[in-house]
Every structure is written in structure tokens, then in C-alpha cells.
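Both complexes shown next keep subunit A, but they swap its partner, so subunit B is in the first and subunit C is in the second.
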Partner chain A sequence: MKKILMPVVMVAVLAIIPYVGVEFLKLDYLFGVVIPYTATALFIAGFLYRIADWLIRPVPFRIPTTAGQEKSLDWIKRNRFESPYHAWEAVARVLSEVLLFRSLFRNTRAELHKDASLAYASDKWLWLGGLAFHWSLLVIVLRHTRFFFVMVPGFADFLDHADSFFDVTLPAFYISDALALGAITFLTARRFFDAKVRMISLPTDYFPLFLIGGIVLAGILMRYVVRLNIMPVKDHMLQLMHFGFDPPGQIGTLFYVHLFLISVLLVYFPLSKLMHMGAIFLSPTRNLCNNSREKRHVNPWNSDIRFRTYSEYEDEFREKMKKAGLPVEKQ
Partner chain B sequence: MAKYVPNLPELKKELDEKPSILKGNHSQKEWWDLPVEFREGNWCFPGKPEVIEELGFPNPRKWAATDEDWQLPEGWQKTISDGLKSRLKKYRSLKLFLDTCVRCGACADKCHFFLGTGDPKNMPVLRAELLRSVYRNDFPLVEKILKGFSGSRKLTAQVIKEWHMYFNQCTECRRCSVFCPFGIDTAEITILARELLNLIGVNNNWILAPVANCNRTGNHLGIEPHTFVQNIVSLVDDIEELTGITVEPTFNRKGAEVLFITPSGDVFGDPGVYTMMGYLLLFHHIGLDYTISTYASEGGNFGFFTSNDMMKKLNAKMYHEAKRLGVKWLLGGECGHMWRVVHQYMNTMNGPADFLELPVSPVTGTKFRNAAATKMVHIAEFTADLIHNGKLKLDPKRNDHLKTTFHDSCNVARGMGMFEEPRSILRNVCNSFHEMPENTIREQTFCCGSGSGLNAEEYMDIRMRGGFPRAHAVRSVREKHKVDSLVTICAIDRASLTPLMRYWNPGVTVYGLHELVGNALVMEGEKKRTEDLRENPMAGFEDGEDDEN
Partner chain C sequence: MRIKRNILFIAIPALLVFAVIGFLLQSGNAVETPGAPPPPVAVDSTKCIAQTEYMRSNHMKVLNEWRHSSVREGNRVYTAHNGSRFQKSLNTCLGCHSNKLFCFNCHMYANVKPKCWNCHLSPMETP
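Let's look at the complex of A and B:
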């Protein structure tokens, strides 16, 4: 339980900080300008540092996990995407992981039944939950670009329309909000109720779920419940986009909670497992071609190893070799 | 030996009744609080001092995993932490795999050791977490403020014991990496964790003795050149007796077109020797100009289970010998990890092999462009091409006494992607072939439970559990299709699936693919065949049958 309570408390405390700060201490400028700028800078620098830190490390061996038929004889049908041979096939393989969660789609559930019997069932829930979670967050982030530009970008408008297809509330209800909350609930419940996943979960796994959940909830409350005036928010975001340092106008406190939690997420991101966002592109078991027998892969630090040569071997066994009728180099 | 084998009714009862998180029973403890208990059957004997000394490895001593004090060398914590740091610099894979895991749990129930033991630390994610938790301790400040937040811990002697136990309950089979959304490969973590353990003398004699032997004599068993030749000659005699054909392998012959290298298990071990007889018959059948080396007489590479430098050292002999003999290209026998090494490492480590030529089948003229740089062709690719071009005279009825299924070896499956070649051969040399359930074959194949150098007698308890998912899949085709023959293309499989079948599925026999090829080959000038290569009667070929008809 401690594993869950600790991050719950952390997110609650993090949400209260800006509330107190703005509502009682009038620190609008700190929470509206200083922290968002700092957090964004730390995020960009941290993210780039982590990627660079991976990229400078060599890939000594070509180690794709081959999940399909290799290219060998002409008449054997090869699997282009599970055992890529050309670079574009490897790119497609990585993109299928990034966009469609290909490997999770394979997921099965193993069950041990009576009479020492194993059964495997297809288990796509994790795939579905993960996909709903990531895609809805992406849509939400893209939708938010309307706050960052004077002219609302075309795709943001389009997403807005598509996302509010079920026009049941006022303002229009976003499908992505519901999906995100539902997915977070599912992913959290899964961590708690599945015996295996509960055991492997760490506070650092619950924390980002709750943090993102907090951000989404604050956003939903602003839109549907508190009905925050949106104009000063957009004005403020636009001036931040132009590196302005003017104090924010009259904005409800809930906005600062939303913004602060996002700032925390930005700072936490490069320090945590959330970096899987960048790592997924670099994974050597996925992004390399399975062509190591046709094209030599070069290891920049290839160790200089002294091995036992044939002549050393013959020196030890020469007489025995001669007796056995084996040809020798030296008599 | 028997004392290390788990009692079958007791193990079945345990699988049926013992609560485990695999069955959904919640654990009362966190994983880091679970004890590490060594008992008979769950640890491999450590490297003998003389073996360690021969290899020049650190900390030779007499010890056992059940000892309280493992006599770790002075400053071992620093050795491990420096070793980890240097490997993080050399391998992007290690750094990425330690950093990236989100603990989604997709890998959890994919490991054969987890399915067979129910031990939480055999979930691949936790296996990696054993190392990850120590790696994370590099940020002690975070841990001080938020104790337990990121699950980091200190490196203690207890952690080393845990590593030794669980990095030796991983056969580097890569099944988990197929399911991981980031392709995190536990094999990579195990390989490097075992390297670290070797730095402080925490090791396995069943791996290191073959390494030392292979370095000195050229093969794992330490067979000297004259004995190596004698053994193959005795197989030649057996072939002559069975078929009336005299095959004529040559040894260390300069100027041959092809150097053939196979695991030494095929030369010395039952049932590997029958596969060897199959190769010899095949090469005779097509008149291949080949030679076998006593110096590079080992296809397998237990260096791969020790350290990447040792893998390179042992593997170097292949090209060295090919160059000395002046052959055109290399042909490799049936083996699992050998082919992971040849396919994904050899040319990088010991190439470029400019002195060799693009492999071309002398019989069909097929150019093996997929091996254009490494210049080594897998025997299954070679034979599949021969059959496809109608160059072999085969009588699949000669295997009618066998109902077969095919076991994909982990390394060949997930480290090479060879699935169709062996199947195509099998369909042509026998009439009865049934696939095991789809979650247990091809890229999802289950390991034999004894790969990566864990094939030791004293490890039977873990091996029989680890092999349970594979055995269970065989059981299902045995019940459905009366399958009695498990065909493989891996020397470790041939050695380890045999006791596994005896334990879980008595009546199922393990075969090498080329043994079945050898059975089916109709040789020119052969005498009437009534028995297969094991001298078992073939169905429909009984003595005198022809005369009566």
C-alpha cells in the first residue's frame, strides 16, 4: 500500500502548493512565469541530454530480436517487418512499435491449470489501455496548441471537432478526456489488482499516472465545472510563447494547479522512466536490420584479444596428430 | 544424479496447489524481502580452482553456493561497480535497457523459468530489476529524500547471491524481448551480469570447464585431435555397417572447398552422433569437397555465456583455421547459441573475412548472398536449397516409424530468424509432422530450460522446471497426434530435451534434423536398409518383406 499512498500524497501536496501559493501568497508571477519557464528549460535540456547520453554510447553488436523469417533463400518468404533486412523495413518496425504498440499487441496471458497444465490466451487489454492512454494524451497535447498561437493551427481545429464529436455537454465534451481518465484508471487498477504487476510496480510507476491524472482532472474541472475565463489564459500563454515576462492577468487558481503539475511533469520527465518516449526509437533489438551476415557491423571498441593459434595447438599435439595421420605444418 | 531430479508427483502437486502470483495469489512480501535459498538441485557447481587458474580468471577457490561466506575478493563492491560503469559506456543496449523499463508487466509470464517455478524473481522484469535496483543507487540523493520511491538498493553480498541465482535461471533465450514494447532484451542484461559475476569469481564450472577445454583442445569436452578423429571414424564404421556405404570425411585438409564446423556434442554425445552420421551421409551423397578441423572442432561457444571477450577468443579459431586451410567458405552444423554467435557477432568480432569467397552451393549453384560477408552458411539453409532443387534422393517413408514435431531453438529463432528452412527439410524427409501450439513455436518458442550453459546434472531441479512449458507443449501434440519424436536443430537441445522428455513425457525421443535426413537419404550403391541410424527398425522396411510380396 505504501507504494501507492506515497505517490498519491506526493501529487496531492504538489497540487496544494500552487493553490496556497496563488490564493494566499499571491505568487502569480512565480507560478505563472518563473516556474513554467524553468520547467520547460529543464525539460528540453534534460531530454536532449538523456538522448545524447544514449547516442554517444556505441552499439557494439547487431542484435535485433528476430520475430519473423530471415532473408535467406529466394523461395522462402521473408518477414520484412519482424526481421527487417533493409533500413526502411527497420524504420517501419520501429514506427509500428511507436504508433501501434506492435509488440504489446502480441501479448498473451499464461495460466496454470490443474494437472500441471498450461494455457495461453490472447490478452490485448494492456495493448488497448496503453494505446488509449498514449493516443488520447497526444490528442490532448495537440489540441492545446490552440492556446499557443494567435491563429489556431488547422490540425488543432480539426482535432477539436473530431474530439468533440459527441456534443453532449456545454462546452462540448472531449472524447480524449474521457479516454485518458479511463485509461489511467485502468492502468492503475491493473497495477493494483494483477498480482504480478502489483509486485513489480514501484512508487515511481504510480507517480506519473497520478500526476498526469491530476493534470487531466484539473483541466476538466476548469472546462466543465469552474468554467474558467479562457481569454486571459490564452493571452498569457501567447506572451510566454514570445518569451515575454509580463505578469499574468486575472486567472482562476485552478489554472495554476494545472500549470504547476505540468511543470512538475516536465521536470520529472527526463529524470524518469518517462524517457521511454525517446528510448523506443533507439532500442537496438528493434531498430537494427537483421543482415549481419551480409553486411559487416563494425564495433568501434572491438577488444584486442589474443587467442590460441593453430601453431600453438599443433606444438602441443604434434606427435599425437602425426600418429593419427593428421597433416601437420611442422614435422 | 537422481538426487537432483525433482520428484515428479511432488512437483506436479506443487504446480497444482502451491499459491503463486502466476495464479493470481497476491504476494505478502515485496520482492526485495523474499529470501534467496540455495538447496540441492538449484545451483551449479562453481568453477574448479584449476579451471579458473588455467583461464587466468580472478579469485580461484573452493566454495559452494550453500556456503554462508562466498569468499569474495577484497574490494569486490568496487570491482562490480567499476565493471558496471565500463559496460554502460561500451553498450548502449545495457544503458537503454536499464533506463527504459516502465514495468508494464508484458514480459512477466513469458519466461519459462517463471512458468515452471512461479518464483516472482523469474519474471524478466524483476530479473532485470535485480541489477537495475543497484544501478539506480547512483542517485543516492533522490533515495534519501524519497526513501523507496525508485526502488533502489545497496550492493551487498546478499545481492550477489541473488544475482548468481537468477542470472543463472535465465537461458538468454530472448522470449521476453519479443513481447517487450521497447524490445528490452533480458539476455543482454544476463550476459553482462554474468560478466560482472565472473569478475569476482562467482561462476559455474559447467560453463568454465568447457571454455578452458575449448581454448586448449578446440572443443568443449577437451578431446585431443587423435581421439576426435577416432570418434568420427567409428561413426564412419557404423554408417558402413548400416548402409554399406563408406563415407570418407577428411581432417585438417588444405585446399578443401568447405570447412565444416559443428558442435562437438555431435561428435561425442548421444543422440548428437546420429545427427553427425546424417551430415556425413549427406556430404557423401552430394560429393561435397569438405574438411573437418580438429583445431576448430567446436561450433558451440561457451565463451558467450562467460564474457564477450571470451566469446571472441574462442570464436576466432573459425576464421583462423579457414584461412590456414585455404577453404572458400564455412558450413555450420545444427546448433543454437553457436548460430547466435556466428550470425550476430562473428564477423563484427573477428572479421572481415575477406580471404573467403561468397558461399556458393557446388551442387545447385545457389549463391548464399545473405552470408556474403560472414561467409558461413547454416546447414539447414544449405540442405533446404538442395532439396528445393531436387538434388537429393529422399525416401520419406523411411521415417514413417516416427511421428514428429519441431522445436525451434531460441537462438536460431530469435537471434537469427530461421523458421522455414528446417520445416521445409522436415516436410521432405518425413511424412508425419505436427506443429506444437502457436504460442510455443517460432518466435514464441520455449527454451529447453538448460540453454546458456546450465545443462549441469546438479541443476536438474531447475532444468526440469524451466523445461516444463516446452514439455507441456510436446505433451499436447503427443495427446492429439501421438507424436513420439521431437526434432531439433540444436546440440544443447539434443542433450537436454532428452532427459526433459524422459521426465515429463516418457516415450518421446529427441532427434536432430539431419539424422532424419540421413535416414531418408537413398544412397547410391547402398545395401537394403531396414534400420534407421539408431539401429531401430523402420516401419515398412522389415527384413524379408520384399521377398514375400
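Let's look at the complex of A and C:
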């Protein structure tokens, strides 16, 4: 219970800080300019540091996973994408993981039945929930480009149009808002109600879920319930994009809650499991070709071993071997 | 076969529930279609209907309520907080805010594109 309550309290306190700061202490400048800049700088530096740190680690050996038949003899049918041989096949495997969550699609669930028999079955809910969550977050982030650029890029226009396709309510209801909220609720509830997952869940699993949930909730409230004047928001975002340091205009407090929680997320990002965003591209079981039957991979930091071959041995002892009547290969 | 029957067990009651809900909703809405539209009330369109600050962030809410109540309930008169009465119409707004770019300036800037002009005549299209 404590491991769930602690993150809840932390996110609640984090949401109250900017509210008190802006509403009562008038610290617009701190929460609108100083903290976002600092958080973004820390995010970029931390992210690059973590990725660089992983990139310079040597990965000497292939790590074949047993998901597909490796390329060997011509008459053995191989699985091109589950066990790639060429680089482009490995790229396809990484992309199928990043874009479609291939590994989660394999997820199975073990159940103990009443007659004490253990049954395994395919379980696609985690895959579906994860896919809905990540894709809707991506769409939401891309949609936000309309706040950051004077000329909004075409894809953002298209996404905006497709996302508000149902055209109900005013401002138009976004499908991705409902999907993100529904999916994060499901993913959190799964951790509460599935005993096995509850056992292995840690505060570091709950905290980002609640934090992102808080950000989404603040955003949804700003759009549909507590409406804010959007003009000063865009003014301020544009000037942040141009590295300006002017104080923000008159913006509602909820905006600062939203922005501060995002700043917290940015700072927390490189320190946490959220780094899977960059790390997924570096996972050795996905991005290495399984060609260890074709190529010899030598560990680069092995010390040189002095081998003595038979021909060298024979060279040294040939005369003695001949005298002893032993057969030699070279006369 | 077993799965198919299960689906039927779920699908048929679900369809029934939807049908019943739909019927109840629609029967509640069975308003007698009004004949001629009521004559326009003498209205005052020279003042603002609310504070500028409120309108900046809530104009879409007001317009949405106007659309709903005037089109579906036939109530075309809006009584503001200070008691003045307004005709619920875009023309009420655009009568004073007659700058052709009144809507577009901000909406272009924030890249917000509501579908008002799918039906209504946009100020840009009027001479």
C-alpha cells in the first residue's frame, strides 16, 4: 500500500507547488521561464549522457533469441525478421519493436485452474493497452507543436484534424485524450489488481504513471473544463522557443501546474525507467544480426593467447621423433 | 461453436439495451416541430454580452450553448447577467466586432480551426 500511496502523495505535492507558487507568491517567472529552461537543459544533457554511456559499452557477442530460425543451410527455412541476418532485417526487427511492440504481442498469461492444472494462454491486453497509451501520447505531443511554431507543420494539422474527427463538443473532442486517459487507467489498474504484477511493482513504476496521468488530466481540464485564454500561452511558448527571457503574460494557474509537472517529468526522465524511450533502440537482443553461425565474433578485450600449433611442435621435435620412429607429417 | 454462442449471448442483450436507451432518448426529444420561426425579439446588440476576459477563454462555450438552445429548443433570446437581452446569432457578435479578421487573427495564430464556417457564412466571404 505504501508503495502506491507514496507516489500519489508525491505527484499531489508536485502539483500543489506551482499552484501555491503562482496563485499566492506570484512566481510566474520562476515557473514559466526558469524551471522549464532548466528542466529542458537537464533532460537533453541527461538523455545524451545515458545514451552515450550505453553506446560506448562494447557488445562483443550476438545474443540470439529463440524467436525464429537462424540462417544456416539453404534447405532450412529461416525466419527473416525474427532472426535477422542482414542489417536491414535487424532494422525492421527494431522498428517492429518500437512501433508495434512485437515482444509484448508474445505475452502469455499463466493461470492455475481449480483442478490444480496450470494453463498458459495468449494475453494481448498489455500489448493493446501499451500500444494505445504510447501512440496516443505521441499524437498528443505532436499535436502540441501548434503551440511551439508560428507556422504549424503540416503533419500536426493533419493529426489535429484526424484526432478531432468525431467533431463533438466545443473545443472539439480529441480521441487521443480519451485513449491516453483510458489506457493509463487500465495500465495502472492492472498493477493494482493482478497479484503477480502487484508483487513486482515498485514506486518507480507507479510514480511515472501518476505523473503522466496528472499531466494528461491537467491538459484535459484546461481544454474542456477550466478554459484558459490560449493567446498568452502561445506567446509565451513561442518566445521560449526563441530563447527569450521575457516574463509570461496573464495565464491561468492550471497552465503552470501542467508545465511544472512536465518539467518534473523531463528532469526525472534520464534518471528513470522512462529511458526505455532511447534504450529500446540499443537493446542487443533486437538490434544485432543473428549471424554467429556465419561469422566468428571475437571478444575484443580477450588477452592474446599464445597458441602452439601441431606444425610448430613438429618443427621443434622432428629429428627426435624420426629417431624414435614416430610418424611425421613433413619430412 | 461455443465461442459463437457466447458472443450471441452478449451481443443480443447489448443491442437490446442500446435500442431501449435510444428509444428513451428519442422519445424524450419528440418535440412538436415549430411552424413559422418566432419573430425576432427586439434586442440590444450594442453592448458586450460579458467581460472581455471571460469571453477570451469561454466564447466557444457560449456559442455552443447558443447553438444548442436556439437550434434544438428554439430559444433565440439570451439574457446576460446584467439583464440586457441579445439575439442568439453570430450576427449579434459580428455586428459590433465588425473587423473582418476579428475571429481569424487569434484563430490563425493559435491554429484552432473550428467548423463554424462549414455552415455559416464567414466574415471573409461577405462583401
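One rule holds for everything that comes next: the second predicted complex is superposed on the first by the 297 of 331 C-alpha atoms of A that agree within 3 Å, B and C clash if a C-alpha of one lies under 4 Å from a C-alpha of the other, contacts with A are read in each partner's own complex, and residues count from 1 in each chain.
Methods note: a residue touches a chain if its C-beta (ideal position, glycine included) is under 8 Å from a C-beta of that chain, and two chains touch if they have at least 3 such contacts.
Note that the coordinates shown come from a computational prediction; the quantities given were computed from them, not determined experimentally.
S.K.: Thinking of the overlay built on chain A, is A:H86 touched by subunit B (first), by subunit C (second), by both, or by neither?
M.R.: It touches nothing on subunit B or subunit C.
S.K.: In the superposed arrangement, does subunit B or subunit C reach more residues of subunit A?
M.R.: B
S.K.: For A:E294, decide between first (touching subunit B), second (touching subunit C), both and neither.
M.R.: first
S.K.: Identify the partner contact of A:L170: answer first if only subunit B is touched, second if only subunit C is, both if each is, neither if none is.
M.R.: After superposition on chain A, A:L170 lies in contact with subunit C alone.
S.K.: Go through the superposed model and pick first if A:R146 touches only subunit B, second if only subunit C, both, or neither.
M.R.: second
S.K.: In the superposed arrangement, which partner chain does A:L228 touch: subunit B (first), subunit C (second), both, or neither?
M.R.: Once the two structures are laid over each other on A, A:L228 reaches subunit C alone.
S.K.: Determine, under the contact definition given at the top, whether A:L202 touches first (subunit B), second (subunit C), both, or neither.
M.R.: first
S.K.: Which residues form the common part of the subunit A surface touched by subunit B and by subunit C?
M.R.: Overlap of subunit B and subunit C footprints on subunit A: empty.
S.K.: Under the definition above, what is the set of subunit B residues touching subunit A in their complex?
M.R.: 11-12, 15-16, 20-27, 30-31, 88-93, 95-96, 99-106, 108-110, 115, 118, 120, 123, 125-126, 129, 142, 146, 148-151, 174, 177-185, 188, 215-218, 224-226, 229-230, 251-254, 294-295, 308-309, 312-314, 316-317, 320-321, 324, 342-345, 347-349, 351-352, 366, 368-374, 376, 381, 384-385, 388, 413-421, 424, 437, 439-440, 443-444, 468-469, 472
S.K.: Tell me, which parts of subunit A touch subunit C in their complex?
M.R.: 146-147, 152, 156-157, 160, 167, 169-172, 227-231, 234, 252
S.K.: Of all residues in subunit A, which touch subunit B in the complex?
M.R.: 2-3, 6, 10, 50, 53-55, 57-63, 65-73, 75-77, 79, 82-83, 97, 101, 103-104, 106-112, 114-118, 120, 126, 130, 190, 194-205, 207, 271, 273, 275-276, 279-280, 282-286, 290-299, 301-303, 305-310, 313-314, 316-317, 320-321, 323-327
S.K.: Going by the contact rule at the top, pick out the subunit C residues touching subunit A in the complex.
M.R.: That would be residues 53, 56-58, 60-61, 63-64, 106, 109-115 of subunit C.
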